[in-house]
Amino acid sequence: METYQIYNLTSAVLFVIGIGGVFAARHFIRKIIATIIMGGGVFLSFVSFAERDALTFADPVPHALVITGIVVAVASAAFALALARRIYQLTGEESFTNDK
Amino acid sequence: MTIHELITVILLVVGCFFFLAGTLGVLRFPDLFSRLHALTKADNLGLGFIAAGMAVYIASPWAALKIFFIWLFTLLASSTSCYLIARFQKEQEQTKNGKEGE
Amino acid sequence: MNGFFIIVSVFLLLNIALGLIRVWRGPTVADRLLTTQLFGTTGMAILLVLAGYSKDLTLLNVAITFNVLAILLVISLFQVWKKRREKANDDT
Amino acid sequence: MTDLPTSPFPAFLVGLPVLLATLSLFFRARGKAVVGLAGSLLTGVMALFALFEVTRRGTVIHILGGWEPPLGILLRMDPLAAVFIGMTAVVGIFISLYAWRYFRAQEATTGGFPLFWPLWLFLWAGLNGLFLSNDLFNLFVTLEVIGISAVALAVLSGKKTALVAGLRYLLVAITGSMAYLFGVALIYGSTGTLDLGLLGQVLEPGTTTTFALLVITLGLMIKMAGFPFHFWLPPAHSSALAPVSALLSALVVKGAFYILLRLWMEVFGVSLTYAAGQLIGLAGAIAVIWGSWQAFMQTSLKLIVAHSSVAQLGYLLMIFPLLILAPGVTADSADWLSPAWTAGVYQVIAHAFAKASFFLSAGIIIMALGHDRIESLRDLVGHMRITALAIAIAGVSLIGLPPSGGFMAKWMLLKGIFLSGQWWWAPVVLTGSLLTAGYVFMLLRLAFAPAREKEAFRPVPRSLEVCALVLALGSFLIVLPADNLIQFLQSGEVFGTGIESIMEGGAHGND
Amino acid sequence: MSVLIDGLLAILAIYLALQSLLAPRLIKSVFLFFAFGLALALAWVRLGAVDVAITEAAIASGFLGVLFLDALRDFSPAFPAKQKNPEAAHNVLVKNNTKSLLLSRIPLGLGLGLFLLIALEAVWKTPEGGGLTAAAEAFLPESGVEHPVTAVLLNFRAYDTWLEIGVILMGLLAIFAVGGIKVYRKPNMAAQDPMLRQVIMFFTPVLFLFGAFLLYFGKTGPGGAFQAAVLWGAIGILLHLGGKSIIEEIPRWLRQLILTVGILFFLVLGFLFVAGGNALFEYPRAYAGLLILIIETLAAISIAAALTAIFANLNQMKEDPNETESIN
């Protein structure tokens, strides 16, 4: 098994863990963490393809995409965190009360 | 094997030994404070040896400076957080019994 | 030499895995906070060894980035803890 | 593809709103609104000019940075993109005018929400960027621009219900984007390109492509509130401020639909299967029935309108089973293809106008009454004639009665359904219309009923009512250029190749 | 042989991800999440993505970590404050968390398991697309920089990067939208602490210099605007934590200029190229290197300011929960 294949499989596992977390976790913070884990899986997939396609250097395009993706994901997570904190301050709720 | 490499191997092995000692301490010691003690002291020492080993191996003054800073910052961060964890634990023992409320 | 570096890395990773047993067993919260510390220090060591293994000095920049921001985390943790204590004192 | 004529318009369509949004940050409350409104008008007018340019010159492109795909990113403004951009411009201009007056009227008590303007301009830039984008990853970035600005707009009121709905909306949006991005990663891994045009040529069917199609479709369905993932939409759309609700339901959800349409037609042609189409159509059908029924059961105006969005988006999903050709059928003989996807485009436009008008009217009613419980709508006609008229016209378009845009959409959808022989979708379309008629006439009956007791209608600026009415009329006026519009849409060369790739897909299935 | 490292790292990352979602206590979740970030960074290093590793360390672990830790002041009952009502409710909730994930969600679990199997098969069978390495290598000499990732970020796909700077600014605006409207909130002066001041005095120049180094180094090696921006932003965050604010002391227009100069300069420059008959972000080849350096510097300044302001707003949210409508 090659290095990139290990991480490629890991990426699928992390992605699924993240999806499960977003839907099943209750607390806001855990839901946000789950989205980041999901993102980690996706980015791992990109970067493992970059390693597979390496010539003199690894494929730089996925690296750049992942950097962009990480920044975007963090901006979203920061916003989600702000919302979650605000909701807690106003209502004392830490999870969606009528969660399905 | 050059003399540089020999020194590196020796330093790395010593470093690993300290890491192992630290981890064993974390696993075997009876209470938190001694565990904390084991982890912080031994691991930082282990990191110091590994840093020294790698500095010898890479053998460039610029890299050596960076490695030194890595070690220094880790030392700072881990000792501060060790101090914080200890104080946190003490506070908690004063207020409650320190067990997790599960 | 490269084989040796790999052995060292694997050893250090196993070390972390071993340390996770303590996280699992607890019993106190503080014990679990130790993970991050264990991870931090050992992770830096692994990064250093990998820098030697791949002969890529830019890995040192990764380690420095982690380090300087770890300080930020520690100070932030300190603030959290202080605020909590102030609040606890206010309540009593 | 790069031999198409280049034009600077695509660059300005994305750049200008961002420039103005950023500049508006230098001003304080009132200044932000002035710059924001001016920026909206400017962006809208420029978008219409761009639309005109495309009708004159055909598809235009803009090669960003001078780097051609696959390394660089290409902005492509073909007829379909131009129509969506034009729709955004018209709806956006009137919502901006409405928002200006609406926030001015409440400035004393609420501060006038100056942040609406930069966020709305960013949202507009994101929408234009999405319609123009020809790159899978860039589509992800524009989706995120749209997602963050849309949620920020949705929570602008700062009320608890809006915040909770907004957080759920945001988490769902992030999940959807990440699912989409996972599909993008796999496609990049298996083809080494992100450009839609190139992908249409090189993508081959296989396990990976099928899975990528699955996660991309799921992710986009989450974002466009397609059936099992519709739960976030009604609370988020109904709890936002009136102009924001209008933006969210008229424009934002359409972004994900646009990507889905493009990808299904241009990229995934080879790996679509009959079952996948039926499944997504089923989701649409359930959404139509369930959403309409829920709308019927609600007691507040905004919730009715929000649930109705779920149903109307269901119609959009129902065109997808028609886009898939059975093995052995060529695109030439498949005469239902073009009614099917033009029905989708018409439905998007008609719904955008009608729903925007509906939400703006709801905002006027909330302004007048202080709430939007429907029992208080009694004698609306006596107090606010124009708003009542706007609701009636928009409602007729939602039901799909002739000669409205909604009618055009449903008629073409039915045409596509019968031509393709998938007759089982027809009862769903009709039942949906019937249920829609149910809640629209319930509203109208109340509006015309004499008041039992005197409800205190506060006076409302006339200009607000006019904005709502113009948008409602728009949902009828779009029928006038129908032939030209359909012809224009079908002139898209690249979209033509999309149909060809579907054709090849049919051939593949035949092999 | 070296595959052993990767296998261990993969298992570790998966374990930590699972645990950070299952951990009963919030603080443990957050700490395991840090550990997860570190494992992921080691994975990036193993895959040869040093840029990504630095970004992960800087933004995803560092910046987001600080935000999470700061959020614990609101939520977590793990610190020994005497909790009132929320604690009881929360304890029930955290107990449910583990169980509900494992037991009462069997359909979800089965669905996810099936999905995982399909996903694993899909990634395993991904055909070799070849990537864009060759194309990037061919055009690298024309890009104005020597590091391929920087060339992609700032030249080949500059449009994405420009939008991304916009996303950060929008994230800040979105946070204003949540918690009332203020450009920058005053730090809590009570937070001043002599020990902290020493640490800040020592680390401010370190952060600044290392950030500048990463920024400049981005031309030839891993580093660049985003990584540098986080380090510079960390200065602002440190000062804020120490009860000092640099941004508060400068006039409003300058503050706004600092926040927007990155995206504005990038865009206006792009418009100038368009006016000159080129495409958006199409640098004249001769000046590409210089222009990229200027753009990166300004972008780093703007992003650093935005990150500082994001942290400051989140950090001070608690202090005035009722203030929603103060106008900027």
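Per-chain residue numbering starts at 1, and chain names A, B, C, D and E are given in the order in which the chains are listed.
Everything that follows uses one rule, which is that a contact is a pair of C-beta atoms (placed from the backbone, for glycine too) under 8 Å apart; a residue touches a chain by one contact, two chains touch by 3 or more.
Owing to the predicted nature of the structure, the values given are computational and were not obtained by experimental measurement.
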Topological distance between chain A and chain E, in contact steps: 1
Distance in touch steps, counted as few as possible, from chain C out to chain D: 2
Chains touching both chain A and chain C: E
Chain separated most widely from chain B, comparing mean CA positions: D
Contact-richer chain pair (by C-beta pairs counted) among B-C and A-D: B-C
Chain B and chain E: spacing of chain centres that average the CA atoms, whole Å: 27
Distance between the centres, which are taken as Cα means, of chain E and chain C, whole angstrom: 19
Gap in Å, rounded to a whole number, between the CA centres of chain E and chain D: 31
Numbers and ranges of chain B residues touching at least 2 other chains: 88, 91-92, 95, 100
Sequence positions of chain A contacting 2 or more other chains: 11, 15, 18-19, 28, 45, 49, 52-53, 61-62, 65, 68, 72-73, 75-77, 79, 83-84, 86, 90
Touching two or more other chains - residues of chain C: 29, 33, 36, 40, 61, 64, 68, 70-71, 73, 75, 77-78, 81, 85, 88
List of chain C residues in touch with chain E within their complex: 3, 6, 9-10, 13-14, 16-17, 20, 23, 29, 32-33, 35-36, 39-40, 43, 46-47, 50, 54, 56, 58-59, 61-62, 64-66, 68-73, 75-85, 87-88, 91-92
Touch list for chain A against partner chain E, complex: 1-21, 23-30, 33-34, 36-37, 40, 43-45, 47-68, 70-79, 81-86, 88-90, 92, 94-95
Chain A residues touching chain D - in the complex, by the definition given at the top: 11, 15, 18-19, 22, 28, 31-32, 35, 38-39, 41-42, 45-46, 49, 52-53, 61-62, 65, 68-69, 72-73, 75-77, 79-80, 83-84, 86-87, 90-91, 93, 96, 100
Chain E residues touching chain D - in the complex, by the definition given at the top: 118-119, 121-123, 125-132, 135-136, 139, 155-160, 163-164, 166-167, 169-171, 173-174, 176-178, 180-181, 253, 256-257, 259-260, 263-264, 267-268, 270-271, 274, 278-283, 324-325, 327-328
Residues on chain B engaged by chain C in the complex (per definition of touch): 1, 5, 8-9, 12, 15-16, 19-20, 22-23, 26-27, 32, 35-36, 39-40, 43-44, 46-47, 50-51, 54, 57-58, 60, 63, 66-67, 69-70, 73-74, 76-78, 80-82, 84-89, 91-92, 95, 98-100
